[in-house]
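Think of it as A, B, C, D and E in the order they're written, each chain with its own count starting at 1.
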Amino acid sequence: DDITIMSWGGSYSAAETEAYYKPFTAETGIGIVSVDADNPATPVKAQVDAGNVTTDVALFLLSDAVRLCDEGQLMPIDASMLPDGIDGTPAMDDFLEGTLSECMVPNDIYATAVAFDASKFAEGAAPSSIADFFDTEKFPGKRGVLKSPKVVLEMALMADGVPAAEVYDVLDTDEGVDRAFAKLDTIKNDAIYWEAGAQPPQLLADGEVVMTMSYNGRIFNAAVNEGKPFEVLWDGQVFEWEGYVIPEGAPNTEAAMEYIKFATSSAPSARFSERISYGTPRKSAAPLVGNVNGTDIPMAPNLPTYPANMTNALASSADFWVDRETELGERFNAWLLSN
Amino acid sequence: MSDVASQLTTADGRPLKAALATAQARAKRRAFFLVLPLLAFIVITFAVPIGQMLQRSVYNDGFSQTVPALTQWFEANPKGTVPDEAAYAALASDLNLMKETRMAGDAGTRINYVVSGMRSLFTKSARKAADLEPPYMAALLDIDEDWQDPRVWNAMRTASSPWTLDFYTIAFDRERDADGKLVKVDENQRIYFKLYIKTFVVAAVITAICLLLAFPVAHLLATLPMAKANLLMILVLLPFWTSLLVRTTSWIVLLQGQGVINSILVALGIIGDDGRIQMIYNQTGTIIAMVHILLPFMVLPLYSVMRVIPPSYTRAARSLGATSWTTFRRIYLPQTIPGIGAGVLLVFILAVGYYITPALVGGADGQLFSNMVQFHMTKANWSMAAALATMLLVGVLVLYWLYDRLIGIDKLKLG
Amino acid sequence: MVASSDNAFVSFEHVQKSYDGETLVVKDLNLQLAKGEFLTMLGPSGSGKTTCLMMLAGFETATHGEIRLDGQPINQVPPHKRGIGMVFQNYALFPHMTVGENLAFPLEVRGMGKSERETKVKRALDMVQMGAFANRRPAQLSGGQQQRIALARALVFDPKLVLMDEPLGALDKQLREHMQFEIKHLHESLGITVVYVTHDQGEALTMSDRVAVFNDGRIQQLAPPAELYERPDNSFVAGFIGENNKLPGVIEELNGDRAVVCLENGERIHATAVNVRAKGEKTLVSIRPERVEFKPELIPEGSHTIDAEVLEVIYMGDILRTRMKVAGHDEFVLKCRNTIDQVPLSPGQRIRIGWNPLDARALDMI
Amino acid sequence: MVASSDNAFVSFEHVQKSYDGETLVVKDLNLQLAKGEFLTMLGPSGSGKTTCLMMLAGFETATHGEIRLDGQPINQVPPHKRGIGMVFQNYALFPHMTVGENLAFPLEVRGMGKSERETKVKRALDMVQMGAFANRRPAQLSGGQQQRIALARALVFDPKLVLMDEPLGALDKQLREHMQFEIKHLHESLGITVVYVTHDQGEALTMSDRVAVFNDGRIQQLAPPAELYERPDNSFVAGFIGENNKLPGVIEELNGDRAVVCLENGERIHATAVNVRAKGEKTLVSIRPERVEFKPELIPEGSHTIDAEVLEVIYMGDILRTRMKVAGHDEFVLKCRNTIDQVPLSPGQRIRIGWNPLDARALDMI
Amino acid sequence: MALPTYASPLERAWHATYLVICVLVFVFLISPILVIVPLSFNAEPYFTYTEKMLSFDAEGYSMRWYDSLLTSGMQASEAVRDGAWWSDLWHNADWVKAAKNSVIIGFWATILSTILGTLAALGLSRPEMPWRRTIMAILISPMIVPIIIVATGMFFFYSNPCAIFGFGCGRLTSTYTGVVLAHAALGIPFVIITVTATLSGFDQSLIRAAASLGANPRRTFFKVVMPLILPGVISGGLFAFVTSFDEVVAVLFIAGPDQQTIPREMWSGIREQISPAILAVATILVVISIALLTVVEILRRRSERLRGVAAH
């Protein structure tokens, strides 16, 4: 039987197709119907609520996976059933700390980071820290800001000097929230907001902004595939992982499980990372990641998981956002509207 | 007059009005049967689904379905009762149920809408529910102090019934304080009401601009010979065929700082390179792009009405001494009212409901009320989205009613 | 020819109509029409003629009463199955069709073949002398041309009943006479039934089997033309049909159908009593202008003669209309044939006029 | 009264008009109108009357020639400054305004105050007997009522020139006569100039100072009513105005304005030569029905008498129209006044009729 | 449109202004379309006029987006472009499939909404129509409710349409019928509003005339009413079609993988990548619609000529 996989579409799904779908079908004979969604969590939740589930596997952000899992809408996945790493490490140990959760098997780790067009800055005068993003004196000009409290508030605090490890403690207090918004105030007049991942490279290419928050994969794409002089600033970025879930009531749970086992095993995971610059959550897969598919540029240094990129990085807290998203979302929207 | 009328009767003594009504009943039925298929269609394919959806704005069983014990306790104890050990015992039993049915998330989410940050209270406690031992109050407070927060208990009491007005409370920028009284939320959390008003204002501005731009064009098209008019009509229709997404993107290309228009102006020396005009990522951008998208919705109804206005009326007016302007204002314009009405209705309502374009070109303050609906939909907060949608719906219906009152839907029908 | 309500082709029984529930536009209409009859409705503007036609055609519903067509209550038959041809007062030509297409329309809906259709359309167009206009749009026609097309369209499918609402109103005399002839001819040769509305009394009198005079939502008189003209039932009819000299007075003597009336200036005249009941009643004595003579040699024996002062002579082609002052009334009219040997009267002239007392009719005072 | 082209109030000079660039609807129109004149356009349907009015009012442009109003080429003056009141053939009442608003409109655009406006509107409505209808919408009026409103609206603002396109066509005789009187009265008391289109010859003849007979895009004759009727320039005019008996024949003798015509049955008659030029020419002898007598005692001395066979007697109220066969033609008509002592003729009867040879007019053969 | 000779200077000035305004509005309407056409040939994946494009350097232009349109989804896109390749394209290419779906769904949704909507507008425009305002409000409500609510609500309902009667009867989601019904509902307000407005100027006596000539209501409708209100019906139908043709949210929820439409295809991965491919699609659609409109206009003129009606 065919299985239906719902994912992000675009280059993300293109990478999945090459790294997972085609080899999986070749190996098992199970066909794959690929469906895209703006954010798969929304239609999946609707499908489960309506008792009309057509999706077998979906790719979720961690926070969505936690939320829907708590609500009983995703099948719990016993991580111990996952295949061992290619080096023999049991699955439970092979996945990076904390990335496994009750209902989701992680697929990749992506980061939202600051990026800029290197050609627009003199040698050595390029932004070098997250604080620079908020420094309009030193770096006048527009900047692209993600239109979401998540990530943005964390970055604001880090730019304001809060160490990554303390960000959520601070943000959990009213003063911390005020502090984050106060920091945001400093760039409010210079901000161009974006929502779609494709917008930041466009903004950079058009010269509309001097720097922008962006998903690291998009910047990498522009740089490697189109030769754009775009660079990612590996400081104060926020990373999160996303992965596969099985909706409660999915029509083909067995084949779905087969697929997840296959896709999240070491070799395919590495193949995936060669095709899009998101890090693999499998420790055993990291060394397998070679050059960017079809080039001789090594992929590893461009991944959010590359140790040198992780010096001042923050792991997005699903627990925090599950609790506070509604409230902070409303406050963020109110802040956007206020002058 | 009507006194006399009510006394008027037909030959056999029936009131004339009644006789008239009977005589017209057939005609009424016939008219109604023409509408019936569509009405049935809309009711089945649209009204029922939407009704069910909007019902969620007052119905949310995320909490109520997993708290049988607490519900009993709430029924037995009036509002304001300080939760006692029995209450906590009920809570513990319900937490156990949540754990079994994996509903803690649902329950927590429901309470979290009202008291922020309380979702994890439920998931966390449910996870540990199996280990709870009496006295439950102490045990639960041991897990989290928040269990004695009266706001949580108030929220649980309200949410123990699936029927609720909580979401409208939020939509009106209100919340319940510890005593359960309705108060305004913090200044920096107030958003919906302001946005609501703003949305209608922006829609009105867009409608007005569309009307101003569409009127001359529709008039030109209506007065030109058919052959020429049809050629020009292509110019109106082309944008129409083009995806909304593409057109919106195209406006970004045109309007942005380094965009086509600014670059042309710079090249012509009209503005300096550092004097580029900010035409997008603000209200201006939203309005320009939306006017462009909605303009055909104004032009076409105007055109189809203008095309059939006989020239003899304008002639008559001129012969009676009216200047061309007066003729236009007093004779032509009133006869285009059905078209204006249709266009205004279309454009305004569409403008109120748009969210993609404002999101893409609107910048910080470019979002409209529908963006909020969208926001909650993507967060799967059906109830909140439904409440906001209902507000939008009611707002438009009130305007529709006003329009009917002031101008009259019947103005859509002359005579 | 006159139909009873049982075997009537068309019958209106106690029909009332109100548009607004406040005023009755048709008050109590009773009318029977035999098959093949030519009935004309005549009446002042706004008296409900068009409304009656519309009810008969099925486009307005009577608020009360019953209308039957061929014995069937009309409500049972949808308008398009009634086989009624209709000429609308505003023509109602289809603006998007050419003249030819307008005419072909009723034939087409009857499934008539193309060649037969074309023949019929051509014949109908020729009848109204519009053969050359088949390809025009209605907007490109003059008013009279439009009316002719409307007429042709109502007749082209040989309906058994034709309703015509002032079908010749926009035509000149020549053409009107030609069309009157054509209509009469069709009526007779095809045996169709016609309900005709006109403002032209000549038309009404010459064409109709019977004329219904409408006023104020009621039929005032329903009679063959001559009877209507010669023996009007009331002074509305007398006044409405043809020209009429009216002298107010009081009945002094009443003797069967003979009356003596005292005019306002005290003069006594003899008259035929028509609508008066008692001595002392106020009356209007009506005398048709053509029954009044002024040449002494033409005033018949036994005529009543009276003094008159000529006020105005109006040239009307075949007739010279002479207005004069008689018994204190200055609207008294006399018609002289415009013959070459006519004695010309001139304003200010005083003459003596006379009429046969049988021609003076004492009517009710309205 | 007749204007020369210099001092004329309205003048058409060599005006041509074509709608489609193919056929000329108006061919060569020359017409001068003096201030205060009442001119009527009479002509068959489609002869270009409305088109002329439209050009004068400025709604159609002449393809050729010049129209002047008050000495100025009309092209220079916008319609609303021409001060022309117009009654449109299709009324053109504003559907979105009530009757009262329709009437107030021309006053309002002239900036007249409210109370004055109301007075004037009321007076105009009363004039057309529509006082009670001020609050109706046009769609709620009968055809005749709409026409009356259109008339009132064209007159309410006291224009100096009024164009009326069949303004009384939808009215019954009584009302029409009343309105004719009102229009004439306004014309005389206010000194307004009127261009009037009508199909009613009686109306044309009684109301006008001059009548322009249109045919085929040209003015066939432009003359005062009596002249038109008595001395038509050509057989189109003779045939178009009034009723006419036409006997075809050949000129046998021509002597100044006296001619002897040989009719088709060989009979010879005397006639006045009007439009004939030579012996042997074909001609139509026209004799007005009212100039023909059949009572032997009334046939004047020196009359030409001829045999006739009565074919049909048509009742027309004041007149009995008798159709008979004369000299082989069966459309010969004679009109008898419907008097009580009239000798009734009946179909089949053979009589001898006569007319004064001066009344027989030998015209061109069309 | 020519101004009469008596027009005052003010009128002339206004007339000129009016024409200028019209021209400007047309420019406004069309410029976004003009802008996207060259960009669809951009060699780069951005909506930016690059230096190379501006200097008309051939390198700045490419067909890559058109190529990607054709080949994406094909089984063997690299094969020689022979008959098999084209057949592969026709059956498997994502955009071709999407185009087919868009046309099919748009067509049926338009038919459904135009027929039902016109019928209802006829009833609504009769003076004797009872409860007109309320019914009108119900009928235009699909336009008022935010589309995202509509889509979700419909998804829930269409998942098991018989649930309100308490039993199951299959689902409408992931079916053509479901998408067509949803799109028809969304298109109906446009038809209602435009047709009602057009009917308001309609001379009712023409309907009577047709009936008196023996035409039954159906015939009257098609032969008399329809041709006269056609501009309104067409613009209503056009609105309905475009609504369907440009609709993505309802498709997102209701359509299955087999019912992907053009906008849905554009939407795919829009978060991930917006590429000039969507501009290429837009350009192709523009070309097709110009061709269609031109053909329609030529046919119209031909039929006028054949019927011997002077052009007006």
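Heads up, the rule we're going with is that contacts are C-beta pairs under 8 Å (C-beta built on N, C-alpha and C of every residue); 3 or more make two chains touch, one makes a residue touch a chain.
In this text the structure is predicted, and so the values were computed from the model without any measurement.
Novice: Quick one: which chains contact chain C and chain D both?
Specialist: B, E
Novice: Need the graph distance between chain B and chain C over the touch network, please.
Specialist: 1
Novice: Compute the shortest path length in steps from chain B to chain D over the network of touching chains.
Specialist: Steps on the shortest route: 1.
Novice: Pick the chain whose C-alpha centre of mass, unweighted, sits closest to the average of all protein C-alpha coordinates shown.
Specialist: Measuring from the global C-alpha mean, the nearest chain centre belongs to E.
Novice: Counting only C-beta pairs in contact, which pair of chains has the most of them?
Specialist: B-E
Novice: Let me have the rounded angstrom distance from the C-alpha centre of chain A over to the C-alpha centre of chain B, please.
Specialist: 32
Novice: Measuring from the mean C-alpha position of chain D to the mean C-alpha position of chain E, what distance in angstrom results?
Specialist: Chain centres of chain D and chain E, defined by C-alpha means, are spaced 57 Å apart.
Novice: Taking each chain's centre as its mean C-alpha position, how far apart are chain A and chain E in Å?
Specialist: 37
Novice: What residues in chain D touch two or more of the other chains?
Specialist: Chain D, residues with two or more chain partners: 58, 78-79, 90, 140.
Novice: Which residues belonging to chain A are in contact with no fewer than two other chains?
Specialist: 38-39, 46, 49, 195-196, 206
Novice: At least two other chains touched by the same residue of chain B: list those residues.
Specialist: 24, 27, 324, 335, 377, 382, 414
Novice: Once the touch criterion is applied, which pairs of chains come out as touching?
Specialist: A-B, A-E, B-C, B-D, B-E, C-D, C-E, D-E
Novice: What does chain D use to touch chain C in their complex?
Specialist: Per the touch definition, chain D meets chain C at residues 19, 42-46, 49-50, 89-90, 140-145, 147-148, 165-166, 169-176, 199-202, 205-206, 225-226, 229, 239-243, 288-291, 293, 300, 314-319, 321, 335, 337-341, 356, 358-359.
Novice: Looking at the complex, which residues from chain E come into contact with chain D?
Specialist: 4-8, 11, 310
Novice: Hey, which residues of chain E end up touching chain C in the complex?
Specialist: Residues 203, 205-206, 208-217, 219-220, 223-224, 227-228, 307-310, 312.
Novice: Chain C touches which residues of chain B in the complex?
Specialist: Those in contact with chain C are residues 1-2, 4-5, 8, 10-12, 14, 16-17, 19-24, 26-27.
Novice: So in the complex, the part of chain B that touches chain D is made up of which residues?
Specialist: Listed in rising order, the residues of chain B that touch chain D are 310-313, 315-324, 326-327, 330-331, 334-335, 337, 414-415.
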